[in-house]
Each structure stands twice: as C-alpha cells, then as structure tokens.
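Two complexes come next, and they have one chain in common, chain A, joined by chain B in the first and chain C in the second.
And now, the complex of A and B:
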C-alpha cells in the first residue's frame, strides 16, 4: 500500500546569473568557456536540487553588453533548463543588469515566502554605465539584501572593487580566497570549478542547511547563509600542456 | 567533478596491504569525495578528505582510528574499515598538494536510496516499510548509544532506505565519538539539531542525538517537519537567522497539545495534517515527549528503547481496510475508521502471544520478542508471517519461518503438524504450539461482515 501522496511544502530558491557579454569576452575563448562552464554545471545543480526537497530551485540569467537583457527570463526549474550560448559583443552595461535584477526581486513578481536568492555576477571588465545607481536600486530590494551575492572575476582586467561592492563588505580578516571576495578565475578550469561550486554547494547551503562545524560562528553569522568552503585547488593534469591564461 | 584521486588508477596506501583500484568517483561534498574502489576483488567505498576539513577537525584521524577498532554497532552503519594514507609512490598521483587521508567503508548497495527521495514524495514505499525503517533507525541508535557512542549529525542526508524491505543504512559515521567527550568539530545540521546545540549552550551528544532522531522519525512518518507550522509562514525569507528562531530560540512543536501557536496550515502543511492522524496515540505521545517536555529538558526525551518498543507495537497493530486496502493501525481495545476512505475497520483475527498481540494482516510478522521476555525488539529474524492464500486473498494463513515444526490445535483438539516453510490457515485453529511459545488465534465474536 502506498504511503499517502503528500510531501513537504517547499519554497522557491531563485538563482540568477548576471553574465558579462562585452566584446572583451570574445578574447581567448572566455565566452565559450563561460557557456561551457554553465552548461557542464547543470547536471550537478539538478542533482542538488533533487536532494533538497525543501527547495524549488529556479534559474534565470541576465546578459549585459551595450544593454542588459534577460537571457533566461522565466524562472526555470533546473532540470528543464537548456543553456543557449551567450554571444560576446559591445560594452559593459553592468548597472543596467543590476536594475533588471532589482525589478525581478520586487514582490510581486517575487513570492511572499522564499529561500534566500542566489545572485552570481561574472565579469571580465569594468562597468561602462552607472554601476552605483544599479547597485543602489538592487539594495533597495529586501530580497537582494537577503540574497547570497557571489562574484567571479574573469582574468586580470576585471574590476575587483566593483565586484566587491556587489558582494558587500568582506568581514573575513584572513587573506587568501574567500567566498565573500571576488573569486578570481584565471583559466577555464578554475572558472568551471567556481561555477560548479556556486551552482551546487551554495545552492545546497541556501536551500537546506548543511552540517555545521564548531568554527562556524553560530552567534554572529557572517551572512544570512553560512557559505560552504571554496572548492580545493585540484591540480589539473592538463596544466602541464599549457592552458590559456586570461 | 574534479576528482582528487585518479579514476581507473591503482594506488598503494599505507593502512592496507594490496593496491586499491579507484573504480569511479561517486560524489563529493564540502568534506571530501567518495569513490567506489576495489581491494583484493572486493568493492568498497573510499572517502577522501579535503585539506580544509582535516584542518578544521584535528581529532578526525584519531576518532576514525577508534571507530575502526570499536567496529560497527550494527550492520546498519557504513562503518569505517581502515584508514588510508597515500604511500610515497601514490602521492604524486593525488591531485592536491596538501597532505590528506581517507577511510574505507562498505559500499552502499544500489537498492538503497537516499531518505530525501522519500521526503520529496518520489519513492514508492508503503507505511509498513516506513515504520520498519523507523524501527531500524531507532535500533541502530540504540546499539550506538549502548556502546557509549554518539552520532552527532543525524539528518535525512546521511540516511538511506531500501524501499522494498524498509532496511536502512547510515553513512557519514566519521563524527561518531564517545558520548560526553565533547570531541569533534561537527555540531549537527540545523533543522535536526537540538535547540541547546543550535544555541551553543551544549555540545552534541547522546541527548541531542535523541532530539535529532525524533526529528528524523517524524520526517519519515509524516513527510513534514515537526517545527514548521504557522510560525514558519510568518517568515518571509527562510535564512539562517530565521531558522535559528524557529528551531532554537522559540521552537514549538506543530502538534503541541498545549501551545497552539505553531499549528500546521491546512494548505501549506497539508502533509502533516494528513499523515499524523494515521499513527496510534501511544506513538504520537513519544513525539510529544521529545518535542514538548523534552524540547528544553534533554533528559526527558524519548529513549531509543521506547521508540523501538512503540514502533514494533505499531507494526503489530497494522490492518488493511476492507474497502480500500490501505494500511491502518488499529488502536488497542478500540476501533476507528480507515484514515484513507473512512470505512469502519472491522474487528479481525488477531494473534495473542505471551508478549503482545499481532493483528492478522498479510505481511505482519511474529518475532522472538513476542515470546521471550528477555529478547529485545528485533525485526530481523521473524518466526512467522501472516500470508494471504494465493487463490483467495481473503483467506489468511500463518507461515512457519522457523526451523522447527509447529502443532496447530483445532477446536476439536486434534493437532496438525506445520513444518518449516508451510502455512496453516487461520480460519480453523484456536491455538498453535511452537517451540518459542503458544500462539492463540482470536477471532471476533461475530463473523466480520463480508467485504
């Protein structure tokens, strides 16, 4: 006899990519690497979504170049997501992208009850429009304040200061890599690792609490969601044969 | 996935004699990565830790060593078998620079699926199997606690179920430590953590395990969370501070008989409202014991032995509705309508044993603890099983699963031999004599109305 056909009520978890598609992304295969990294991360993201019945993971993406536009406008369940390739060309309307996301995080259209959204900003350059206005519009939204905001810097020309402003202040005193600082991807392998980490470990942490260890400051969490460890630096066997470094 | 250990390669490790072939990567988390490996023709699982995890938990290696020496409390644990460190020849093949280690454990058979599949409603499983899984879970923690150990991090994420049998497996046993030692870095998983641990007022131990166990049992039995009711609906963004309020600072059981602030919402929390009434009052009372008095008083929480006893009794009271065939649990000395279709449950045949009564419904089993006052509840070695007649499912029999013959006594006093593996009809005999003890067949005074 079957168990009653009921299940735990779940909440939506909105995951939004903000992807830089400016002309410089066309150089050294960065655009292709980003498209590949996101596409390759989807099965793992779907598996995490499946393992977290308390969350309904919904994905969207904004692209920005001369203007910002929704690349995926409808919040899409990750197992139904097909990643169409982004194309590079234009300047860097990052501020406009933040305005678009701010509008989407207003209630409505945002649900009254949800899990903290996850926003991932990926950029290789400097905003060419009014970043500050976009950031201010975003942070007026309570859901954006609650959101887990991550940034991935592609190559060495990315504006780390702007990306840090997107993430918010960095409370961690130690040097080195931290999810509260821009993650610096200097080649396709590290980009794929960070995308995979954001779409699996972070989605997991935001949707269902993970095991907590002593060092996690339970009294004063660094954010409203404790972020998982960054992926380890796995030595890539292909490193020896010369890899494009951005 | 970026695998730290090279798939397909054979590596030498300190800690085992032969080379370990890395068959394939199975998965990875924030602690480490798990691989299927082969050692001397045997398939095992290998968990390899990330350096960050080792750095955080200084006692990890010693604790694992102690667990390996202590051996598994029951076969429900995917217990560490051996601690592995890379040998000098293997070290260059391991794709992280920092020193690391791992441990071997049994490989989880493919028939076991993650308990979150059940929580998500994606598993074809019956009430009997869910109750059995709950029993096996309580039984595993009973053995662990009796060994003086505590688990610390019970959650849906480290429990696996075999839907057909209700058997369970518990993984991630690397936080197991001697109760009260305060060792180890793990505090637990919010939502399953006891309030005093979540608030930082106590270290995880056997008492907080009892809270986490009750949450997990509740989640399995109701597909809902014991603390998510009206008070959750008042929370817009369910983040860490909100969970801390809901599960630590002001935790209220959704079915608290006194405090009605956190009742389930009829739409958002329908699962709890449908499933909770299915279970007998004594089982519900054990949840109240943990989630009401025991919420703030860890020593008052329901003990593993109490869970085992009541879950076994609940299984004994299982009957099938004559109208919709759904599984029900008949309250002792009373009756009630079927939870699914509302048809009154007729008084059926029951088997009275030296210790307890078992309703005669297909698949219900008799165990040594039904006969022997000294035997603890154990569902793994049934002596008898109620079976439906292959041609007429309404005719019930009792199959002899023991190794010795029984003698069934009819109303006229004549004995019939029931050899091992044979079944005797429950329509005629009034008593069955077994080497374990007598089985009295009780039929309702008036014949049950025809279905």
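And now, the complex of A and C:
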C-alpha cells in the first residue's frame, strides 16, 4: 500500500529575543554591540538549524524602551532572517515586553506539538514599569513555564535580581553543569560569545527531542532542557572577561 | 469460543535524530500470544519509550525491561484465573494489581541490571526512566493500561480511526511525561486503564498502540489518525511479513517528522477492511464523511448539518466579520473548516472530551479574557477547533453564574448534543473569570 497522504512535519522551535533598547544602551556602544552580536550569530544559528532538521527554528524579537513592541513579529525561519538594527532611546518597559511575549505564547497561536521555546532577555538596567505583573503574566503561560529562559546582563548596572527572576531559581546546581544565573557580559566580546552560545549550543540542545520525567514535589526539577556548557573562555559567567568596558 | 484476535505485530525504530547522534533506540516493543490457565489465547502488546534526557543513561534498558516485565506480569495473572466474560475484577486488575506488579518487577529488574553492570555513582531508578503502554486482548474483552505519553487508536473496518487513549495530564506536556521511575508510578496507571467488553456481533477493528514519536511527527491529529488507520491496514495486509513494511514506514515518519524514536504495535480483531460493509477498501480517516453504521451518530450529524444550512442567518451574528461583505459568505474556508470539524467530532463523539481537554489552556485563557475570540474565529481555517471553542464562549459577567440554558451558536453548525455537553463540562472546569478591577 502506498504511504498515505498525511502531512508529516518537523516541530517548531520558537526563539524569542527580548532586547532592552533604553537610552542607556546607547552608551559605550552597547546597542551597536548587541546588533552586531545578533547579526553575526545568525549564520551559526542557521547551521545548527540545518543540522537538526527535526526542529524548525523560528525567530522573533521584542524591543522595549518607553514601550514594548515587536521588532520581528512574524516567526521567521532563521535562514530567512535579516536583522534590522535596534535603536536606543527611552526608559525600560521590561514588564510590558514580558506581557507581549506572554500573549504570543498562548495556544493557539503556539502549536501544541512545538518544542519548548527559547527566550533570551538582554538588558543593561532596571525595569521602569511593573516587572512583577509582566512576569506573572508570562509564567501563567504553560509554554513560558516549559521554555528555556536565559538572561544576559550588559555591564554592572543591570538588575541581576530581576534577570534571575526571569530565569527562575537554579533548581539543582550540579557540578560540571552550567549554572542557571544571568550571564554577565562586560564587553562586546563576551556579549558576542553569549549570544553565539544561546543561538547555537542552546538551540541545538532544544532541537533534540528528549523526553523527561514529569517533575513532582518529590523530585528536584532539572530544568526544561539540559543547558550545554558555556564557551570554554567564559566557563564562569560571573567572571569578567578582559577589560571591563560597560 | 473462537478467538478472532490475530497475533499482534509491530516494529520499533531508532529515530532519525538519534541515529545522527549515534544514540541507541530508547523505545522498546513486545508482542506475544499467551495462553490463559484454561487454554484460551490472549494477545498482549507493549510499547515503552525510554526518556531521552541525558540523566536517563540506561533508559534503553529500562524500556526493554518494562515491556518484558509487563508481559511476565500478565502471563502470571492469566495462569491464576481465566479471563471470563463480564468484568470479573479485570478492570481493577488493569488499574491497580497489574500496575503494582509491573512497577515492582521493573524496579527489581533495573536494580539487578545495575548490579550486573555497575555504573558511576549510586543506583537510581531514574537512570532507567521509561514510559509503558500495554494492551491485553482476550476473546471476551480487551483492555489497556500504562503510564506516559503513548497513544492508542481504534481503527474500524471502514477505516474510521478513533483516539482511544492519550496522556492528558496538563502537567505532563511538552517533553515531560509520567514515568516508571517516579515514586508514585503504580498509582499513575489508573487514569490510563480501561476494559472494553467485546460484543458477540462486534465488527472487525484494529488497535494501534504507539509511542509519542509518531503523533509528534504528524502536523495535525487528523494526520495522525489517518496514519494510524494506514498502519493498521498495511500491517494487516503484510501479515507476518509486516515488520519490514512497518519499519520502512516508521523510518520515513521519523525522518520527515519529529526525529524521535518511533514504535508501533498493532492488534487486530478480525481483519479490518474485509467486512462486507467496507467493500471498496477503507476510507482515509481524514477524508471521511459522517459514517452510516452508527445510526444515532449519523442522525445527529445529519440533523446538525441541516441546522447549519438553515441557520446561516444566526451564524452571521456570531461568526467574525472580516470586513466587507458584512455577512461571512457561507463558502468561506474558515466556516467550511469549522463545519467539517463539527462533523468530524460528532461522528466520533467519544473522542470529543479528550479533544477538548487538550485545549484546557485555551478554555482558561478565553474565560480569563486572555485570548481574543474574534481573532480565533477569524483563524478558523487554520485551527477550526479553537474557533469553535471561541464561538461557544459564554458572555458571563463576573460573579454571575454561567447560564445553564443559553443560545448556542454552534448548533447552527450542526453541533451534536455530545459536543455541546463536552463543551459545557470543559467550561465548568475552566477557572472562573477574574473579579472586576476596583
């Protein structure tokens, strides 16, 4: 019998950047470094997507300053993505950005059979709106609870406590595994390394279908996707790398 | 008593992603014909899916031992008492006694494996974590039990496919699932267990038991049901040579789909497709029209479709308007998709509660005002079920109980009583609307 007329399909993997575009990002070339880091990471991300054909990597981006808005609203296959530069200016409506992402993580439009999404929050400052309300809205979404949530702090003025709340607490720190803490980028080089890591190693890990035990109060959770090791040059994310610029 | 069950067949294949990463197949499969104490043939099929995360280093062994242990436990029970007619306590056996025996045996087996080949660190059942789906087929009844994200489909002789069982715990979603390695594993079988008596005049049908890699490879559940019907048919046609056919199909499913390991087991009562009523071969599940063999259902659908034709005016009031023309044309793709979805659900009313439970998040979001019904209805062509749910949302004021009798727009689309009742149940289970802001 011939194979039936059914649609087999790989599983969507949604990757969403949440980028701080407040006025302070204009200082010391942070905005330029972020644009450059994301743009330079795209070929590597596309290569990882090609190597994992069972996942369909779809990228979106939210920018937040005075208000939050979709910078890339349509989930875009990474090999079709052209990064338009973000512009700095305004305050830090991080809570509104979380609300925006929360709305996008509803099912539908999120597909029931999607892989856990990857959310990357990048900020150099403190939220100026209701971060707690945004975080609560986000965590009400089951897809946000299942997501791999990463945060990159730019410079020493970033609110690490807020970024840690976005990631969630480190449930089971294990020797040899990357800790779940905000990644602290103190210059353009380390920012580029972290963006590269998130867009390649993490995407690769999230692309592999790997079932796991449903967590219970009796079992320490291990996170949704086992995070791969950080780049060798920045094994300890709290260490400064090179000259502190930001 | 003539046992009309054919010997079950199946196949298990390493997924495309696993092969590329040089990882073993972590699925397992076992199909066997057993004999009860009074000599009756009893067919058993088991599938298991070892967890893929790197914490579960020996899950390939865990899944194999799960299948072996399950069959051994069934065999022991059959030696103690024959599977007579009536329930005779077999429901309880599927829900409690068999799970306790399976879990206890699995824990012993995996620990023995660890001691035979010790690894680093202490022994933990977690290292062997696996799901288990089990189907027992006797001359008088068939039943299923297990835990984890396996799926079970019943395929009728005319090709209609019905999702009988799936993991519906909302906490076990994404890549998370229930597992034999959990402390409360034996208690997790009961919600997945059921016994189905076989009437003497029952038509031929097939049961398709599969690990999650197959369903996750399909773009929609309709595709999954069509594929299950085809697997039942093609596996049956190939007979004892079916494994090769199935293996080739499974390789393709994984390669073009999820990349996960894929396993299927097929049990057949009679031979689907060869009954007189099915002359001309089975219809694809996706393309089916309301089937005639079930009079009550067929009548409901017929009445519903009649109402749909007569209720265009009502429909225009409740369905979204996407700009001019003011009234959505009856031939719009979204409306057509919604009407087909109603017909599909009402043709298989026992699938309705499961289908709606899978959208529990959407019910909650609509109730809380976090989802936009207008947008969902406008997107009916892409997700007709979501549009139907959105069209049924009751306009309730905070603090006011939901109306028990209210206008039901879906009646204009031919919604059957089973669909409306299941919607009511799901709305009742959804969290209440938030209180008004002070």
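Note that in this section the second predicted complex is superposed on the first by the 205 of 246 C-alpha atoms of A that agree within 3 Å, B and C clash if a C-alpha of one lies under 4 Å from a C-alpha of the other, contacts with A are read in each partner's own complex, and residues count from 1 in each chain.
As a convention for this text, a residue touches a chain if its C-beta (ideal position, glycine included) is under 8 Å from a C-beta of that chain, and two chains touch if they have at least 3 such contacts.
Since the structure is predicted, the reported quantities are computational estimates derived from the model, not experimental observations.
So, A:7: does it touch chain B (first), chain C (second), both, or neither?
both
Please indicate which partner A:146 is in contact with in the superposed arrangement: first for chain B, second for chain C, both, or neither.
In the superposition, A:146 contacts both chain B and chain C.
What's your read, chain B or chain C touching more residues of chain A?
The larger set of chain A residues in touch belongs to B.
Based on the superposed arrangement, let me know which partner A:44 touches: chain B (first), chain C (second), both, or neither?
So A:44 only meets chain B here.
Applying the touch criterion given at the start, work out whether A:228 contacts chain B, chain C, both or neither, answering first, second, both or neither.
Once the two structures are laid over each other on A, A:228 reaches chain B alone.
Go through the superposed model and pick first if A:112 touches only chain B, second if only chain C, both, or neither.
Both partners, chain B and chain C.
So, A:85: does it touch chain B (first), chain C (second), both, or neither?
A:85: touches no partner chain.
Which partner does A:157 reach: the first (chain B), the second (chain C), both, or neither?
neither
Using the superposition on A, tell me which residues of chain A are in contact with chain B and, in the other complex, with chain C.
1, 3-9, 11, 52-53, 112-113, 115-116, 142-143, 146, 208-216, 218-219, 224, 226
Considering only the defined contacts, which chain A positions touch chain C in the complex?
Spelled out, the residues of chain A in touch with chain C are 1, 3-11, 52-55, 103, 106-109, 112-113, 115-116, 140, 142-143, 146, 208-216, 218-219, 222, 224, 226.
Within the complex, which stretch of chain B touches chain A?
1-4, 29-31, 50-53, 56-57, 95-97, 114, 116, 118-121, 123-128, 130, 153, 155, 157, 185-191, 193, 198-200, 219, 223-225, 228, 233, 235-241, 243-244, 268-271, 274-275, 278, 320, 325-327, 340
Can you list the chain C residues touching chain A in their complex?
So the residues of chain C touching chain A come out as 15-17, 21, 49, 51-56, 126, 129, 131, 149, 169-179, 181-184, 212-213, 215-220, 223-224, 226-227, 229-230, 233-234, 237, 249, 252-253, 256-260, 284, 286, 358-359, 361-362, 365, 370-371, 376, 379, 382-383, 386.
What part of chain A is in contact with chain B in the complex they form?
Touching chain B from chain A are residues 1-9, 11, 44, 50-53, 112-116, 142-143, 146, 189, 193, 196, 201, 208-216, 218-219, 221, 223-226, 228-229, 231-237.
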